[in-house]
Every structure is written in structure tokens, then in C-alpha cells.
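Each structure below is given as C-alpha cells.
Consider the two complexes below, in which subunit A is the common component and subunit B and subunit C are the respective partners.
The block that comes next holds the complex of A and B.
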């Protein structure tokens, strides 16, 4: 396995609500190799989005509080960086696509200007004109199909901004260059008449168009890692299919590493190389998509997979999992999943679930990890 | 770019598309849009016209004498007669062609008095509301944007808000009167007194708006794109503050004029030698029944000015908000499809 681009280790995040706190993420670990697409799947409220937002440290603090854990991006622990250096990581290091394309664009600016802002941020960093970024940072060359070097955007020394140079980049030739790039990125996300679109306000675009703009905006920073937080959940089904097709094509062209967060197993199966299944703030299973879908080794994953409707045969009532996601402030004793688990027994009700443990190779010959006391019993689960 | 296969062809300008807007330049297109919105909203248009006339008139009245003194060597006024010129005419004349608003009990021309007071009152309205806007908005931005509890900035934010609360808990007019009485009569003193009571409203308004804007997904998205915090504040947050602030400011200019006139009326504002609507009202109150045109003229001047700013304020939101702007403009030119794609 090549050197990992992103390594999340034992991340625990609490939310303070009123007088109490609840644990949105509990000891979550994750690894993402360059060029891979890692999916994160789970029900509403299982901590997927918290995970996605905590990596570029976008969680609102307070109420959120990262208790423990490391987020190692390109060899640097982001948790140990001072807050004011984080903007140097975002955009060019870690890009993000959000769930609500409706509100993720500033209603007061034309979309062209908003993409231009992110292009300009990258240009300034590429030229070493903004502080917090090492001057020799290479942008991710999207035309060459090679993976980015673990560009060290964060550990570089503090370089004071070169004001005269910075001003120069705002002068007309640079603006023209930026405008040309904006049009390029709009074409990249299959927008037909980018000249016209750049002049429109977000409210004049449809949801699908806005999500394309958001994707263009995230890609225009040429990030080494792209976090897609349920990019299609707020769209209707046909537009969802279009955006997914687009993202799939872009993955071929751009070959950036993606952390793909979704509640839709079908989408994950199509997009991701690896998948992590989350339940109530825990990562319960992690491994290659094919292996996990073929032989899940956690009862929750198995139950999730069984509840996908099959369009080719009529199965009658879909099997569903009894009970519901526990209240995060009142988690059950023992393994978090035990009240809903058909395999639960005494040890599950007393001891908290085990950490993710590597299992012997499954039917497809790949290894994956599960956080269950009895992973070998899952295939025979009733 | 690997995929930039689509050549950058000029899209033929479909009717109503934004392409002609680009050619005309954004400023030109925006001016056109504003004019269309004004044309579609008669009340806003009325307010706009009043504000423009009043402002231009105030500028002429204030500037022409000074400039003519500089160029011609003697002062030329745009007004027919000098203000507060007691004994110039027969006292107590009813309005006529020679004296539009008649003459008062001292024999001065009422129209000239009221008009000479216009630059003073309008200037006070703009400066008091403007300075309060600047002070209040800056404090409100700080208090709203950096309000994380437990930090140094959070402490600053809390302090600003508690001080604001203290000021807000006084009745504005009473506090302003007390301060002016303490500082002594005079234009600057009384203006400062009103400003002291005025800025907290802007802090409240700004902070509330900032608190709601800064958690909007587009602010998070900008942060995720690597935009620095200060740029987020001044580009993304402030731009979305402009609409409520401009609306409030426009309404506020009128309120300040009324408040300041009240302070002058009770005798702690500008000295009686300076024509000001509150002062005039005070000196005319005895002739309310015998020469009603005197009081009515001053009242009408205040009423029309304040109403103009209020009407404009109500319509400003539509003009400043890009979401309603094009829709309004397209309904204004019904049948052409407007600016919507």
C-alpha cells in the first residue's frame, strides 16, 4: 500500500448541547491512499458529516469539540496546527463539496466571481504570494495523469506576503487569466455556455447546475483531497444520476483522492474503492467495497445491505432492521449496536465494542476490518 | 486542461440573456435594472424623487453662496430672500406668489427660512445616522463574528454587547436631552449627544445579521475553499449585510431629523440664530392660530423629507437584493421575458 494521503486516527468529537454532551464520533480511524476513493456510509446522524467536516477542521467549535485524535494529512497532523494556518490547507490541500447546493453559493455574487475567488487563492499560493504556503507548492496537474506528491502545504515556514506581487496578480492580465481558467473549469463540469453562466447569480440556476458550480469551485483549487459530503442527497433522482455520472467521469479525468460521504449504498458501490460503515459515531466496518458488499462481517452492514430493494425481483416486504438509531446522548451499555443486533449475547451487552480488527481474507481474497465480537458468525446471521 | 474541448465561442445573444449586459458593462446594466425597478414601484419612485430633490436642493442652498463668494466676490443665493431677516417685509402675509409660504410675525419670508434650514437638517440626519452606522456596524461585526465563548475575542464581544444593552435601556430622546443639557447648547454638542444614543441600534442590527449569516452554508463553503477569515468577514458577510443596513439607514435618516428637530424645539439643539426646523417650529408656535401657514410649512418640510426617506428605504431592499432584482426588473418590462434566462 502506498504512503497514505490522509490518516484519521482515533478521532473523537463531542457536541455540547444544553447542559449535556454527546459523542458524535467515537474513536474513528480511517486511511486514504493517494488516488483512492473512500466511501463513508451510514444512517442519518451516525457522524458521517461530522467526520467530513472535522478533517478540514470546519466544525463549529463550540458546540463541537475534538476530544482526541489525529488528522494526518500529507504527513502533518492538522489538529496540531494553529487555527490561523488552516486556510492554507483548505482549498488547495483539501477541497470540499457540500450537501446543500442551494445555499452553498453566496447569493450576492455572480457564480463566475465565486469560482474566480477560489482560482485566485490557488494562483496566489502557486506563485508563493500568500503566506502560510511554501513557495514551491505544485498544484495538482490535472492534465497529466499522475498522482500529486504529498505537497507540503502546511509545514512550510511562514512567509510574509509580498504585497507588491500580490497586487500585481490582481491587475488585468491576471484577471483575464483567471477568467479563462474559470471558463475551463465550467467546461470541465460540462456546462455548455460558460460565458453566460459566469454572469448569473446562484438563484438563477437549478439545483443540479449549482452543484456543478460547487464541484467546479472545489476542483478549481486543485485539491489533493476532495471531500464530497452527500453531494447528491439534496437533488432529485434524475439530476442525482447526472451529477454522479459527471463525478465518475471527473474521477477518471482528474484522478484526485476523494472521501465520498453518502447514505446511499448504491452510490458508494459505484463510486468508491474502499468503504467505511458508520453506526452511532463508530466505524463498524472498513475495507474494499467489493469485499464488504460480498461478505459483510458486521451485522449492521449485513442488515443495511439486505434492505436495498432489488429492482429485478419482487421480494415482498423488504427486510428491515428493528429499532432505530440510538440517541447519541443515551447510548446503550456494551456494544452500541447490541439492542438491534440479532447476534447479541451477554458479552455484547457488557463490554463496549472491540476496535476495528483485521479479519482473515474473505471470499474475494481481500482483507477488511470489522468491529464485531463475532465477525465469523455474520454470514450465518438470521 | 485535459477536457477543455469546447472552444470558447461567443454565444449568440439571445433576447433577455445576460450577454448584452456584459457588453454594456456591469455598472450600466445595474443602473438600468435599478431604473426599471423604480419605474415598477411608484411609491419607491416617489421616495427616490423626493430624496433626490431634497438632497440636490440642500447642496445648492449650501454650496452656491460659498462658491459664488469665491468666484464672483459676492455671495449669490439660490433662495429669493435671506433667512431670519426680521422686518424685511410686512409681517403676517398669507402665502402669495411673492412669498410662497407667506411671511411670519417678524416679517421674514417663511419659504427662505424653511429652505435655509434644509441643508442643516439633512446634514444632521446624514451625519448622525452615518457616524452611528460606521461605529455601530464595526462594533457589531466584531461582536457577531468573533463571539466564541471563553476566548479573548468572546470576552470583547460580550463586553460590547453589554455596553450596548446599557445604552439601549435608556429612552433615546431623554438621554439625548440630558447629554445636550450637560454639554451645553450647540450644533456639535447636540449632534454628538444624538450619536451617543444612536449607535447601539446599529450594533444590535449588525450583530444579529452577522450571527445568522456566518453559519450560512455559503460561508462554510468559502472557508472550505481556503478563504481567510478576514476576507470571509469583509467579502461574504458584509456584502449580505448591506441590504438590511441600507434599508435601516434610509429609514433612520428620517428618524434622526425628527428626533433632532424635537431636541431643537425644546431648546437644547442648535442656537436660535441658526435656521433649523425645530427652532423655526418653536418660534412659530405662537402664531399657530393667527398665521397657520408658518407652522404648516415647517411641518410639511419635515413630513415630506422623512416620508421620502421612508419610502425609499422600503424599496431599497428590492433594489439591493440580487434575488429580487432581476425578477422585479423582468416584471417591470412585462412581455420581453426580462433578464431571466
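The block that comes next holds the complex of A and C.
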């Protein structure tokens, strides 16, 4: 097992709303090895976006409040970094693609300038001209397939010791160079006429194009970890397919580690190596995608898998999961899933769910973790 | 697209053409108001010891025996031929005097505007960034106290309280000390053109307090608008995108968020600058600043019709031009706007 790139340990996040608080994330743990794609899936409001935003510490505080937990990125606990050092981790360490391409580009600047800004930040860090977290790491070359070592982040001194020296010996990155890179990254996301696109404003582009530009922008920082927060949910179905295909191809080319957040199991099955299933702020099941899809060991996962429509068979009414995600401020007693669970019994209504526990190898011979009292009963669930 | 350079030229031309009916309306209103309120000021103009023949000559010269529309016709005729009337006391022409006092006011207003832009707007950003925390409250106290202060109080307090500290005594802020050639009639710029260091310092010293007083009472608009629109912009996704690029908070706030928040602030600022010019009437009288505002005050109290109408024409031009500039800036700031 290679050393993990990102390790989220026992992360608990509260939101203060009005007088009360609710728990958006409850003791969530997650591990991401370099070069792997981890999917996070769950219904709306299960906390998957909160998880994605809490890793680069983008949560608005207040109302959000991280109660406990560690976010260990390349060996450094980001929760213990002072807030003003976080920009040094973002961009070159962790990049992010957001849900709404309509709003995620700045309407006042040309697309090319926005990507150039991101390239410039990376270049300056590569030249040691701006503080970043670990100085002597080279940018990751996406043209070669190797594991990303870009921005192996955090531990160096805040002010690079060799500023004056660097200023003398190396000239800061040239505008021409940056422009060339911008065009490269636009071509990387399959934009055929990058020269024209760089001069456009976001409002002159379609949603799919904007999302491509967002992807190009996130990649242009050459991050070691890319967080994709429902990157296709706001797009039309046909555009969704295009963007997904693009991302899949890019994953082959770029081999960066990705945390892929989606509510769509089909998308996760396509994209991810590992998957974490979330329910009401809890991580209920975690493991390799194939194994979990083959033999889910949590009743919620099983119910979710059943409700995927099958194109070729007419099986009558599509089974759906009765009930809805509980109100996070009024969680049921015991296991949070028990009111909707066909396997629920007395212990489920009294004791809170067990922590994620490793199960014996499943039919595909891989191990995965479940947070159910009776994981062995799930395969025979009615 | 409606955003090429020729579109901008057409846009500006259109707005300048609109200036004509605005000016005509302003002239009509002021002319009839002044002439109806005091139908024959010749007795006042000529003084208590004037002989009846002097008064009669005055009435004849000014067509005061004719009907109002005829008087208006004569006035308009003079206006178009460059004769904007004369001062009733010294019989000096009004227009050259307006042209020399207007830059003085412009200097004051532009300095105050610069203060609003470079102090008021950043204060709004600070307030929005620390929404609900101590800095936000301090900024609010600052701009609300500016808003709540009557113009003359702010002026008098500064003139009497701080004036002596800066070496300006007696509340007379009209710059006269080291004479420099009057080219632009803006004392600071004239002294810089004359390369006269002492005069420049003196001009700035005289300018600073009236400008601060004018800016202080109007600051709240810039700060409050910036704060409100920043609070609208900050939760948007592209601010998160900017943070995720690895930009520091300063650049996130000022390059990405403020750029979009400024779009609303600019519009309001244009209106404010327009009203600020007329707001100089009180400030200039308090500080004895030799500008348009003080001239307006003198003209109105001295029954100087030509002067009053002239000042109002200048005020109207400033209001229209300030709004035109803010509209152009609006279009520059927001690439989605088309020139129409």
C-alpha cells in the first residue's frame, strides 16, 4: 500500500443555523493514495459537498465549524495550519472544480486571463518567488505519465530563503510562456481554437465550455489532488456525457489523484477506483468500486444500487427507497438509517451505528468497510 | 455585440445630445423662478442712494418692463452669443468669472471623490470581509457619523479645530499666498505646473480640510454600497474559484470580488459626485473657498440673476457628465453591458 496523499480522519463539521446547530459531517474518515480516484456518493444533503469543501478549508466559518478531525495532506495536518497559509496549499497542492460552471468563472475577466492567473501562480511558486508550502518541488509534467509529485506541499519556511538570489538568477516567468501554457491547457481539454477562446468572456460561452475551462484552470495549477464537486450535475445530459468522457480521458493522461463527488452512482462506477457512500453526514461504506457494486454490505448502498434504471430489461416499477434523508437537525435515535432500513431491529434503534469496520474479502477477493451492525445479512436483504 | 469602439462613440454622442434638453429645462426653470420671485431688482441693485434715473436706466437695460417671455428671449439670445449677463454690482461679465471659479470647485470635488474612492471603498471591503465582527462595526460607526453630521458642523469643526494646526487661520481657505500663474485655476495643479514647491504645499494644506469635510459627509454612500454589493458577491462560486487558485485573500477580495462589486458602486458614485458639486455651496461658504458653490451663495443672496442661472447651468453639466462617466465605467467594469 503506497503512502496516502490525503487522509481525512474523524472529521466532524457542525453548521450553526439560527439558534440550533446540525451536524453536516459525523466522524468521516477517508484515504486517498496517489494516482487513485476516490468517488463520494450520496443523496442531496448527505454532506458530500461539505466534505469536498472542508479539505481545502473552503467552508465559510461561521456558519460552519470543524469540531474535530484531521485533514492530512502530504503528511501535514491542514487543520493545524494557520488560515493565512492555506493559499500556499491551494492551486498547486489541491485544485477544485465546482458544480455550477455558470458562476464559477469570474464574469469580469477574459477566460484566457483567468487561466493565465492560475498558471502564473504555479510558475511563481516553481521559481520560488512566492511563498508556498514546500519550496523545492518541481511542477508535474502532464505529458509524461507518472505519478504526480507536484507541490508536495507544506513544511518549508514561509518566506523562501533564496528570494534575492532567485530574483537575480532567474527571471520571473515570461508572459509569452504563460500564454503558451494557457493555450496548451485549453487544447488539453479538447478546445480546438484556443486563441479565440482566450479572448472571450465567460458569458459568451456555453455551460459545457465553461466547465471545460474550469477543468483546464484547475489542471493548470498542476495540483497533486483534484477535487471535483459534482462537475457535471448542472449540465445538460448530452453535455454531461461529453464532459465525463473528457474527464475520463484526462484521468488517463494526467494521472492526478481525484476526489470525485457525485450523486450519480453510474458516474462513480465509470470514474472511480474506490467509492465512499455517505448518508446523513456519515460514511456508511467505503471500498473498491467493483467490490461494492458487486456485493454491497450496507443496506443503504444496496437500496441505492437497486434504484439505478436498467436500460435493457423491463422489470416493471423501478424499486425506490422509501422515506427521505432525515433532517440533519433531528436525526433519529440509534443508527441514522434505521427508519428506512428493511433490516432494522432493536439494536439499530438504540445504539448509534458502529464505526466503519473492515469486512472479510468479498466475492471479488477485495476488502471493504461497512458501518452496519449486520453487514453479512445485506446480500439477502429483501 | 454592441461593444465596439464606434458603439462607445455613438453612446457618448447620444448622451451629449441629451444634455441640450436638460440644460434648456434647467435654464427655463431657474430663469422663471428668479424673475417671478423678484420681478424688478433694480432698486436693490442700484443701492439705497440711487437716483430714479439710474434705476430707470437699469430697468431699461435689463428689459424688466417687458413681459417674461420677451425677457427670456433676450437672455437666451445673450447666452447663445456668449454674453451670459453681468454682475449687478460691478458690471463685470459673469461667464469669465464662472470659468475661473468652476475649476476651484472641481478641484475640491475631485479631491473629495478620490478620498471616497481610495478610503471609502476599501473601508467597505474591510467591512464586508469582517461581516458582523468588530471591524465591520467600527466602519459602520465611522460612515454613519459622517452621514449624520450636518455639512456645516463638519465644516466648522474642521475649519476652527484643525485649521490653525495646519497654519490656516481665520477659517479662510482661499489660497492666495505665493502667487503662481493661473492656468487651470486649480491651485494645486497650477503650483505644480509652476514648479513651485512652497506654493504646492500651501495649496494642498488649504485644500485638504474642505475636501475632507466634503468627503466625510458623503463617504457613507461609497462605503455602504461597496459593503452591500461585496456581501452579495462574496458567496458566489467564482470567489471560491479564485481562492482555489492559491490566491491570497487580498487578491481574492480586491481583484476578483471587488471588481464585480464595483459595478453597483460606480453607478451610485456617479450620482453622488453630481450632488456633491451642489453640496459645495455650504462647504465653500464655511471654508471661504473661492469656488462655484460660494459664488452660487453670493449670487443668490445678491439677487444676481445672471450669476445664479450660470451657476445652475454649470451644476447641470457636471451632473450629466458625472453620470455619463459612471455609465462608461459601468460598461468597462461589466463586459456584459452593451453600449446603447
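Simple rule for what comes next: the second predicted complex is superposed on the first by the 361 of 382 C-alpha atoms of A that agree within 3 Å, B and C clash if a C-alpha of one lies under 4 Å from a C-alpha of the other, contacts with A are read in each partner's own complex, and residues count from 1 in each chain.
Convention: contacts are C-beta pairs under 8 Å (C-beta built on N, C-alpha and C of every residue); 3 or more make two chains touch, one makes a residue touch a chain.
Worth saying up front: this structure is predicted, and the values here are computed from it rather than measured.
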item: Superposition on subunit A - do subunit B and subunit C clash or fit; value: clash
item: Partner chain in contact with A:253 - subunit B first, subunit C second, else both or neither; value: first
item: Touched partner set for A:118, first subunit B, second subunit C, both or neither; value: both
item: Which of subunit B and subunit C A:187 touches, first, second, both or neither; value: first
item: Subunit B versus subunit C as contact partner of A:293, first or second or both or neither; value: neither
item: Subunit B versus subunit C as contact partner of A:201, first or second or both or neither; value: both
item: Partner chain in contact with A:60 - subunit B first, subunit C second, else both or neither; value: both
item: Comparing the two partners subunit B and subunit C, which touches a greater set of residues in subunit A; value: B
item: Touched partner set for A:374, first subunit B, second subunit C, both or neither; value: neither
item: Touching both subunit C and subunit B, counted on subunit A across the two superposed complexes; value: 56, 58, 60, 84, 87-92, 94-96, 98, 100, 103-109, 117-118, 121-122, 201, 203, 214, 217-218, 221
item: In the complex, subunit A residues that touch subunit B; value: 56, 58, 60-62, 84, 87-92, 94-96, 98, 100, 103-109, 117-118, 121-122, 142-143, 183-184, 187-188, 192-193, 195-196, 199-201, 203-204, 214, 217-218, 221, 253
item: Interfacial residue positions of subunit C with respect to subunit A in the complex; value: 235-238, 240-249, 256, 259-260, 333-336
item: Subunit B to subunit A touching residues, read off their complex; value: 1-6, 8, 10-11, 17-19, 21-22, 148-149, 215-218, 220-229, 235-236, 239-240, 322-323, 326, 340-341
item: Touch list for subunit A against partner subunit C, complex; value: 56, 58, 60, 84, 87-96, 98-100, 103-109, 117-118, 121-122, 125, 132, 201, 203, 214, 217-218, 221
